[in-house]
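Each of the next two complexes has chain A plus one other chain: chain B in the first, chain C in the second.
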Partner chain A sequence: MVTAMVMKEWLKVRWIFIGLAVLHGAALLITYYDLLNTFKIYKANEVVIQFITFEVVFYSKVKYVSLLTGLGIGIFQFFPELNQSRLKLTLHLPVKENRLIFQMAATGAVLIIVLSVFDTLILSLITLRFLPREFFDAMVTTTLPWYLGSLCSYFWVMIVFVEPNWVKRILMSTVGLGIVSLFFEGGGYAMYALSMGHIVLLTLFSSVIIFLSAFNFKRGIW
Partner chain B sequence: MVRYITAIRVLLMLIIVLVSSVYLPDFFWKANKHENKKINVFYSPILKDFVFIKADVRQTYYADSKGKYYTRDEFEPLLPFLNFRQLMLAGKLPDVIDGVPIRPKEVSLNNINMRVQPAIIQYKPLQLFPLFESASGRLRLELPPDFFRIRSRMEFITSITNEINEEKSSLFTAALVKEGFSFPAKAIYGNPSTKKPFDEGYFVIDDKGKVFHIKMVKGRPFCKDTGIPADLDIVYMVTTENELREFYALAVTKKNEVFIVSYDKYSLIQIPVEEYDYKENTLLIKGDLFYRVITVNQENGYHSIVTNRKYQIISRTGESWSGSEATNAGIIASCLFPFTVQIEKDTTPYIDFYVQYSDFRALFASNIALLFAMYYFRKKRIPIRQAALYCTVVILTGVYGLIALLTVKDFDDDPGKS
Partner chain C sequence: MSNVVEIKDLTHYYGERLIFENLSFNIREGSIFGLLGKNGTGKTTTINILNGFLKPKSGKCLMFGEDSYSLSPATKARVGFLIEGHVQYSFMNIKQIEKYYAAFYPKWKKEAYYELMAKLAVTEHQKLSKMSCGQRSQVALGLILAQDPDLLILDDFSMGLDAGYRRLFIDYLTEYAKAEGKTIFITSHIIQDLENFLDDCIILDYRSVLLTMPVKEFLATFKQFKFDVTDPSVPMQKDHVVKNIEKVKNKISVYTFNGEEEIRQYLTTRGILFNGLHQVPMSLEDAFIGLTGKY
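Entry: the complex of A and B
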């Protein structure tokens, strides 16, 4: 049953996932060549001092691609469910609705995590190829909120789409927008160094809200 | 036992409360922007009294401590050291003040200006620093090809290869070990810029809290234990390379004390500061040929002390004014919002959830919100036992809780009954 559910979700999002993977790859490739060219044009020590002084986030493209990933996977996974009333049928399967919703959410979340891990690995290689370890540490703490923001945006898309009431959908979109914005503030290195625990909690809490939407949905179709 | 769906509803309410408490006060204050007072405090060697430059969006005002206002042309001669270039141009620079001949070069040399902001104290930059050659014999400082870190040893990383320069690293590590340095470094303070007249390297606090002075002289390490007591608990140092060569740095301690580290064997001289909190206030030190003016700028006021060059207090002044909370908008905000969450603050560079609580006036809106919530539940025919938890959220979070309540909207767990 789990395999069937995961396969069903994968079939819905496979093309957007492949598209997003290509987008992530392109963003990382551009980041690599930008950095390579910077080191070709300017003296290495001048580049490093500029990066240190102005906290240049040379991988900022990942920020936008991450946000797009959460939204993209969320929309492609849940829009068909709603548009074609599939969720109604799914929730009538002889399995507890929370388990089904969890499996659906987990499938999307795992795909987002896969892309985030991919970004981190490639960015680590790029960063350590050109710059000292301190930049790697800064990269990890700088990008982590973006990945969490990506997951959070996915959960809020899911909450909005599963929610049956249109007024509440609009209200939830506003709340979701407010929450997700909190993950993408600031411009330097490790801006969330003090609040990492808080934003992890916020992501976990957001993931739980989906069960309320599912509850409302199921109740709405009774 | 609380049903899981009730718990999730409360969780959603709390998330909505968080979002509301971040954005609603922000929107409110955007619509009711409060103009901050800007006052620059100086000490006039002519009047022997404090003078002020006050600025708002309309105009700049020049005044003395007795409330007399001046035009700019009248004001500038009162601060001949600050305005010596303009006064020279106008032919108004006095030849002698208090029997001391005024030489522009000397005036320029003795003019100092330092600022310590709370955000810079909280900020932890990337722990990689360029170690300049302090005695290159060149007119200008040059950026070295490598950057250092001090962890389990002092390491230099050559930028072009991104590899550790083992020879230089071993040389400097050995010099530090010889001087009694305990690795790793807790903090490194310096000016990693070539735009300074000369280089004094870095002041490094080791693992035991001892302060070391590290620089590079003709390619060789200069590492010296400054003898600054470890129990001083330094939280920040502002280093300054000034031709005056009176002090290396300014040290701020955990107890909100301020010291200067003098060129005389790193001896510490305590600077008199009043009502200073390094986490909240900006410290300004302005110096000239005769005086040092030490100002602590607070959110709604300032405290200034003027000392002679030996840091003995001559006079003090201060002022406080009502802040945004005393305006009509502030009163409304206090009644409306039980607390405000800011994710960015002027006093720190880091993003977090900084909560600022209102006072008892917030109970006003909270009680109205609670009454509304109770009416809402009654109208929906939800028993008070079931609604108690939601009502608790509303009374504790006031208007935010009410917004959360109206957003969550459906509270009946078993719609079959309603």
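Entry: the complex of A and C
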């Protein structure tokens, strides 16, 4: 049953996932060549001082690609469910409804995590190739909120699409926008190092709200 | 024979708008039950409540003895549900969608699905989004038949279908239901298709129930009489005898559960001068329109 559900979700998002994977690859490739050129033009110590003094995050492209990933997978996965109330087909299956919703959300979340892990691995190689170890540590704490923000934006797209009531949908969109924007604020290194716990809690909170939307969908519009 | 569906005193509102009040009916095991009514009388609302996709304001709705809002997975497996417009996963192809559903239903009958697909000019790898409305309806029906449910709930199966596909749909359902003793709960806006198909029916009006009875009994007892009046301005209105009236100049049609003699007396006692009173045979569609009115 899980395999069947994963197959259905994959069929909906496979093209956007492949497109996003190419985009992630392109963003990382550009990041690599930018850094390579920078080191060709300037001396290594000048680059490091510049990066530290002006807080130049050389992999900032990953930030926007991560946001796009959460939104893209969410839209492609849940628009077909919203369209003609297809979610009824899923919820009519002989499986507990919360389990079905969890399986759908988990499939999208895993795809986002795959791309985030890919980014982290490549960025680690790039960072360690050119810069001291401290930059690698900063990279992990700088990018983690973006990846969590990607997951969070995915959850909020799901919440908004599954919610059947338009007023609540607008309300959820506003709340979601506010929460997701918290993950992408600031431009320096390790901006969220001290508030990582809150960021993780916000992501977990968002993942729980999807069940509220599913409950509302099942309860119908009054 | 037990009831598969029991609906008692069901009331529902959308905001302040009352959809129906105290709706009650049962569906007998093995019967074919039609929910008929004009647009906006609450047919799809009833189906949504029955499938647990809407919590009613009040009342009870039981399916196989369970509250329809919180059906167990085992009970859901016994119910085949056709969503209005034959909605299915249009991004899947014929093979993928069969494989997908097969994983969820223990009694899955692959051959029932592919037997129906063989009648369509489609390939296994054809996506549903590239099919005609009629073909998609057969895919949706094939999936329900393969599920081998005890109860089939079909919401407006005729939507968007031409006469041929509607006939194919009904023929398949008839063969399946009669042969295997399945229960069918169906709505359709094309009443003529259901005439020789339904056992029982309920006819909904705006906010209320007009009638619940076996279709044969309805057709046998509900009558249309036509006559001419000398004074076209003669006042006539609906009451306990006359269920509906249609007037075109001096020609009047009345719809009633009473006999010709009773109508003759009814008109005479009201001082209505008439001639040429005669009964007109009706199809189920005529009777439906006669009872509910054209507007």
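Everything that follows uses one rule, which is that the second predicted complex is superposed on the first by the 219 of 222 C-alpha atoms of A that agree within 3 Å, B and C clash if a C-alpha of one lies under 4 Å from a C-alpha of the other, contacts with A are read in each partner's own complex, and residues count from 1 in each chain.
In this text, a contact is a pair of C-beta atoms (placed from the backbone, for glycine too) under 8 Å apart; a residue touches a chain by one contact, two chains touch by 3 or more.
Everything quoted here is computed from the prediction, not taken from an experiment.
Residue contacts after overlaying the shared chain place A:Leu194 against chain B, while chain C stays out of touching range. Of the two partner chains placed by superposition, chain B and chain C are both touched by A:Arg219. Shared-chain residue A:Glu55: touches chain B; no touch with chain C.
Of the two partners chain B and chain C, more residues of chain A are touched by B.
Of the two partner chains placed by superposition, A:Gly19 touches none, neither chain B nor chain C. With both structures placed on the common chain, the touch criterion links A:Pro80 to chain C but leaves chain B unconnected. In the superposition on chain A, the residues of chain A contacted by chain B and by chain C overlap at 219, 222. The residues of chain A lying in touch with chain C in their complex are 1, 3-4, 7-8, 11-12, 80, 84-86, 88-89, 91-96, 217-222.
Of all residues in chain A, those touching chain B in their complex are 43-49, 52-53, 55, 128-132, 134-135, 138, 165, 167-168, 171-172, 175, 178-179, 182, 185-186, 188-189, 191-195, 198, 202, 205-206, 208-209, 211-212, 215-216, 219, 222. Within the complex formed with chain A, the residues of chain B that make contact are 4-5, 8-9, 11-12, 14-16, 18-19, 22-23, 124-128, 130, 143-147, 149, 157, 159-160, 162, 192-193, 343-344, 348-353, 407, 409-410, 415-416.
Across the complex, chain A is touched by residues 13-15, 48, 51-55, 57, 73-74, 76-77, 79, 81, 83, 85, 87-92, 96, 99-105 of chain C.
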